[in-house]
Structure formats: structure tokens, C-alpha cells
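I'd like to ask you about the structure that follows.
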């Protein structure tokens, strides 16, 4: 073999080493009920020595594959092996949760420990390294990315993970969870919707009028700086004063605490990214493009709709992406002022010192944030491509 | 002084510099030229060990550069990179002071050196010392880049397209200025350029590169008159005869010119005109003011009447001019013989078109290796 | 060029003095809050005096942000060294995933892992605060044009000299932006930390929410908003020191 093509992939190698190490610390924590401290179990004790050695062997093969050269097949096998390891991890989780002695403890549960999380991280590192090498092989890359999440969902829906701590907690609070989950999404959607509309209008205003620019940026800047809890709190006082003065407001649900201050604060938080990006989206349009439009006889409105809107769209959407991702997290805080949403589980869990309940709020929030981010990025990519095509077309 | 011995640099199995040898003598300016991507920058950067050669040796004053610590080596070699690369967070003065500070000069000495260098590159220290790079024009930035390379008075300068990013007019000015500096300082210089005119103007020797190899290394005159192969022949271009004239100074070809003083009597003038068709006329301080044609003289009674006045810029050349400038004045004025004056307008002699014809005939119209 | 900068510092100093005066005169608060909320008997949170809450809050933020800065900046610099180039992509990827996760979630996750009290909150703030600092340090160093570094080495600077004389000064502005973002997030998240038992200005807010006492909420919220704005201005002013073009 030529020495040149013998180039070890440092990232993948460190992932494999970490993966091997992660076989040793405790993998699962078994708890008879929600508030007990639990007992840590090692992988060989939980899944048996044979399977542990098998996973170790898989890590070793990844390690060897990391030394592969410029061969795409080898990179693909590396990624798929990491997927197989992840599938084993889920199998172990379901084995551990099925082995629990459910008869004696009705709400017995298993939660993942350090070894489990480290293995997940190692697999992520190896998959990242493999996909980086695969460059533009989109199909195989997507297969490698989505296999593990799909298998996880499969295990989840086939009730194989029914004793997984968060699932147990979910089962107990099913009704409430669905309600708060939807509520969370509605709060985010409504605030991002109105925030984006106001933000875009303010952005256009800032671009059009020099006088308005500084005040608009000053106010949106400051409101972004104020801590979320502080902004929620600041709105409580005036709203409660007003609602006491005009009782009909209370009847339609506007009070010091609850949805009203939450939505107002969330909308205010939404503004800055949208305003900034709308402004710079408009400001960065090439003057000559607009002149060309005017030259072809477009009216002001036509120039705006046919040139400025499509050209600034990707940046504006980027602003909305930042706002939405941020909104998912801020809405969690809104639960503190009685607005509900997934934050409710977090703060209830904190109040009752029930870690699984905290996780029942936190994990969906994280997934929701990542999901929103991913979807928005896809939309932005799509519009950016379209704008680019249009530009190329115009140039021809 | 600098000697490259069979240098090769391989990137991804491809030799971008191949078996390259070059000797540059002390105080000489060697200009590296060649098509884009032929390995000029790579060659230059191996000299100060920004890049390590795959094989071969480089000596500076017969010392193998491999034996000198890179940082120390670089501090003893001035280097002006292709993109200038002034540090944006430092003033002009601080930029120039970088190497002296690395060498731990005294503060006072550094300060004096900065002023000295700014004056040398033609910028006023009072005005420019405290400016930041973003406040400079492209030409000013390049001059500061050169000043920075010169800061610690290194005997060797490596310059990668030092006048690349400026308009042609500024570039000519910078070249002239740099040539004057070099006349004073006598550095050993390797300079890279894309511009053949620049190479011909500045170089003591030109090294022409192609695909990582040295094609011809010779004086500009020889490159122009005896291109080694078709590549050089084409590279130099069809106007190489003209280019060659631009390298040749007129001083060797000046003949003494017949002249009369405007206060001379008619007799004296007639006498002077007997031997030739015309004479130059000077004022009392021997400054050229015009000429007198023999035919016209015979029809007039005074010198004043016969005198054809001239404007010096239009028909005269100064001592330092090249044959190319002479030719261009001859063509535009329609004269076959033009006067040569010094800077103040004193007549020194004259120069004739036959010289140019003779020299052009010398340049061989084929290349050595066919 | 100097005047607007001077003005900014002046404004900051005046705001700061104003803040100190307000914070230290608790009877003003009492009178103002009484005037605003006539129905409420106790307008001042009785458990901890305002100054002490502010002190706790500052302690929390200074410790966690201090840890963030002294580890985040070197970490960002370290991963941009040529020996670490292979790892840069994955670190950028991890940081950007991390930044998508809301700060509350990180705070909430600290409890199952580390339990209640000051330490989990400090750790959560420290870890989450690392993300913008590391990200901006990397971005700052990568924003330096290659030819600038090239001329630094070409003039004979050693790697260390180039780092301290060229790379760090030139990326200082972006690093400061990262620090500012990180500290502002920490001030905000620390308020929620009161629930986990870390004290600070959040304590009054939580008590106010639980006891339905708007005056308590105001006592926590107004100084917190002020603190955040002052801190933001302070770091913005420092950032503008490091602007080298224009």
C-alpha cells in the first residue's frame, strides 16, 4: 500500500477510543420508584459479558477502519458500524428496562448513566467523521444519519422502552403532557408569527427612514439584553394594574400572570433577530439591481415585491430561525409566570425534586429546538437556492 | 551570496518546483518571472524557510539555511509578501518597528529608524507614523510594506510582487523610487513580478521560470537579444526590440554637437554652418534654445531671424534616457537627429537615428535552441 | 473618532452611579412600591436584603463567567492551532448544536446530574457560557486573513509571538462579543437558578410569584434588568476599543 493513502482519521480514532473507554463506567441506573437514588449497573452485569465483548469488537473494527485511505466504501462501513453500535445501545436499554422487577415495584424505572451517554457521544463523533469523508454522497449519508433515530423510535413505539424513566413519567402524566406540549408549540408559533410580522415591518421602517433607525435598534437591542424572567416580571405589574382597572380584560384572560405577559414578552424577544436581519437583508441588495428594475419600468411596489422581497428572503428567514429556536427555550421560562407549556414539567419537577419529571420537560424542549432549527435551515436553504437560480436566470 | 542548489518541492506527488538552481551575487537584483502558478512564490518562500524544500540545499553566504533557526533566519531577511500584509491593529510606525523590536533594538534607535525609512520611501514621518493601514492608499501601503522589510537593515530582500496592487502610473513611480533606494543600499534582492517591463527595468538578471523549472537566467539585454528557446521568445513578445532599447542607455552614443551662441556674429555662424546642414543655438549660459538651418541662414541677415526656437520637452532628451525614449522623440518630432541636454537644459551633444538602426540590427531574430 | 467613545463611557458611568444610588436606598424602594401597589402590605422581600441578593447574583455570574473566560478563550485558541485542525469542524458542530439547546434546559439538566444548590448552577452557567466564548474565539481567529499571519511569520515572529502580537489582538473584538453574549446569558439564567437554590435576584421574583406579590417581583426584576443593560453597555464599550478599521 502506498504510504500517502494511509492517512489516519484523527477524529474517528478519538471517537473509537472514547467508545472503548465508555464500556466501563456505569451504564444504567435502576430505581424502584421516582424519588429514590437508584443503583448503578455496569454493562456486563446488565447485558451480559458476550454482548459487551461484541460491542468492544465493533469499536475495534471502527478503530481499524479509521486508518482507511480515500476509499468511500470504507468510510460508509465505518458510519454503518457506528450505527450498529447505536442499535445495540438501544437494545441494551430495552433489555435493561424489560428486566426490571416490575411486579414488586409498580413504578420501577431505568435511566441511562455515564457509560450510555459517552457511548452515544462516541458514536456521534465517529458518524460525523465518516460523513465528513463521504462529502457529497447524500444518500448513504442520510441513511447513516437517520438509521439510529428511526430504530430508537421503533423501540419506543413497540413499547420496548416502557420502563425507561422518562417514558414511565410520560405514561403517568400522558394527558397533561400532550396538553402542555401542544400549548408550548402554540405559544411559540403565535409569538413567532406576530413577532416576525412586527419585526419585518420595523426592519423595513429602519431601512426606509434614517430617523427611525436608531430608536428601533436601541429598543430592540435593550429588550434582548434584559433577562427573560425579568422581562416576564416587568410585564406582570402593568398588566395586573390594567386588568384590575378594566375587569373585562380579565374575563378574556388578560391578567398579570398567564398567557398575556408571556406572549407579549415572547413577541418582544422575537423582534431583534428579525429586525436586524430584515434591515441587513434589504441594505445588502445591490443598488444596481434595483436600478435595473426601475429602468425596466417597475413601480415602487413592484420593485419591492419582485426584487427586494425575494432577495432579502433568506436573511429574513434566518432571523426568524434564530427567533424560533430562541422562542422554544424562552417559552419554557414562561411556565414560571403561569403560562404553561413544557416548562411546567421542569419547574414542577424542580419543586418536587423529581429528576424524571424535569427530563420529561427538558428532553422534548431540546428535541423541539433542534427540530425547529433543522426545519428552518432546510427552508432557508431551499429559498436561498431558489433566489440564486432566479439571479442566474436574470443574468442570462 | 544566495545560492539554490537543485531545489525540488513536491505537493501531492507533483513537483511544483523542480531541480531548480540559482545563484544571486551580493548587491544584485534578480527578478523571478514566469506564468501564474509556475512556482515563483514557492521558490522564494523556501529561501526564508516559510516552506521546506523536498530536496536540495539553499545557502546564504555559504551557510546552509537548514542550520539556522527559522525565526532568526527570517529576521535577517527582509520579506515583502504578495498581499502586503500590514498588521491592521498597528500604526504605520509600529508596523515598521516589528522586526527591530523582535531584535530588541533600543527605543530611540527604532524611532530614528522609522523616520529614516519613511523618508526613504518618500512619505513624511510626521504625517504617516501614526496612521493605521486602513487609512493608506494601495501605493502607500506597498511602500510601508517595503519599508517594513527594510527595517532591520537586512542584507537580503525577498519581494513577492511588491508593486502588484497599484495602477501603472504609481507603479512606475514606485519602481523608480525603489531603484534609487537600491542604488544607495546595494541589497541582494530577489523580486517576483508578472510584469516583463518591470523585470527589464529593474533587474540585474532575470530568471524566467516555467512549470517549476528555470528556463533562462541572464541579463535583461541577453534575454531580449538571445532568447534561449521558443518559450522565452514568445514570453518576451514581438516588441522585444523595443524593450531592449529601453535597457540601453544613450550615454555611449552621444556625439559632440555643432553649436553657436546666440550672440555670435553672422560670420562666425556662417563659418560653423559650412561643415554641416544645421547648428544648435544656445544662450549665453550654453542652454539650448533652438537651431539654424544653413539654407534659411543664407536668406537672412541676423541670427534672430534665422533661429527656429524649440521646446526642450519636445525634442531633447536628458543624459539618463534610454534609446527607447530617443526613438519615441524622433518619431513624434520627425527629426533624425536630436539634442541631448542635462537636467538644466545645457547642451551636451546629439544623437542620431543611425545608432538605433545599428543596435536593432544586432538583436538576433531567432532563439538559440530551435 | 475619540469623542463618541468617551461619550459612551460617560453614559455608562452615569447609569452606574444611578444604579448604585437606587440599590442602596431601600426606603426609596419601599415608598415607590407602596405608592404603586397600594393593596400590598409587604412590599420588600423580607428574607434577604436587596443588596445581598444583588451580591449573590454577582457572585454567581462572576464565578461562572470567570471560569468560562479563563477556560473558553484558551480552548478556542487551542483548537485553532494547526495541530488541532482536524478537530475544528466537529467542535464547531458540537458548539452549534449546544447553542441550539435553550439555557433553561441546561440548567434543568444540571439537577438530575449534580443535584440542588450553588454548585450545579455555577456548573450549568459555566458550561453553557462556554459555547459563545469558544465559538467567537474560533470565529475571531479564523477571521484573520491568512496573508497577515503569513507576513508575521515572514518577518520572523515565533508561533507564540504571532499568537500574542497578531492573532489575539486582531480577534479581540469578536472574543469580547462572545464574552458579552455569554455574560448576559449568565445574568439571565442565574435568575432562574434561584429555583435550584443558588440565591440571587431570582429569589425575590420566585417568592413574589409563589405568594402572588407583585412588589417582590419588581424588587428582583428591576435591578436585574438594570444589571444586564449596564453589563451589556460595559462590554460593548470594551469591544469598540478593539475596532481597528474606521
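Each chain carries a letter (A, B and C) given by its place in the written order, and its residues are counted from 1.
Criterion: a contact is a pair of C-beta atoms (placed from the backbone, for glycine too) under 8 Å apart; a residue touches a chain by one contact, two chains touch by 3 or more.
Computed from a predicted structure; not experimentally measured.
K.L.:
Using the definition of touching given at the top, classify the network of chains in this structure as line, ring, star, complete or other.
P.N.:
Topology of the interface graph: linear, an open chain of contacts.
K.L.:
Can you name the chain whose C-alpha mean lies closest to the mean of all the C-alpha atoms?
P.N.:
When every chain is reduced to its C-alpha mean, the one closest to the whole-protein mean is C.
K.L.:
So how far apart, in whole Å, are subunit A and subunit C when each is placed at the average of its C-alpha atoms?
P.N.:
Going by mean C-alpha positions, subunit A sits 23 Å from subunit C.
K.L.:
So how far apart, in whole Å, are subunit B and subunit C when each is placed at the average of its C-alpha atoms?
P.N.:
The separation of the two C-alpha centroids amounts to 58 Å.
K.L.:
Between subunit A and subunit B, what distance separates the C-alpha centroids? Give it in angstrom.
P.N.:
64
K.L.:
How about subunit C: which of its residues touch subunit A in the complex?
P.N.:
Going by the criterion above, the answer is residues 36-37, 86-87, 89-90, 93, 97, 100-105, 108-109, 111-112, 116, 184, 187-189, 191-192, 195-196, 202, 205-206, 208-209, 214, 217-218, 220-222, 224-225, 228-229, 232.
K.L.:
Show me the residue ranges of subunit B that touch subunit C in the complex, using the header's touch definition.
P.N.:
Against subunit C, the touching part of subunit B is residues 48, 50, 70-76, 79, 81-89, 98-99, 102, 132, 134, 148.
K.L.:
Quick one: in the complex, what on subunit C touches subunit B?
P.N.:
145, 147-148, 150-158, 161, 165-166, 169-170, 242, 244-246
K.L.:
Which residues of subunit A touch subunit C in their complex?
P.N.:
Residues of subunit A touching subunit C: 9-11, 14, 125, 128-129, 132, 222, 225-231, 233-234, 236-237, 240-241, 256-257, 325-326, 328-330, 332-333, 336-338, 343, 346-347, 349-351, 353, 355-356, 358-359, 361-362, 365-366, 369-370, 373.
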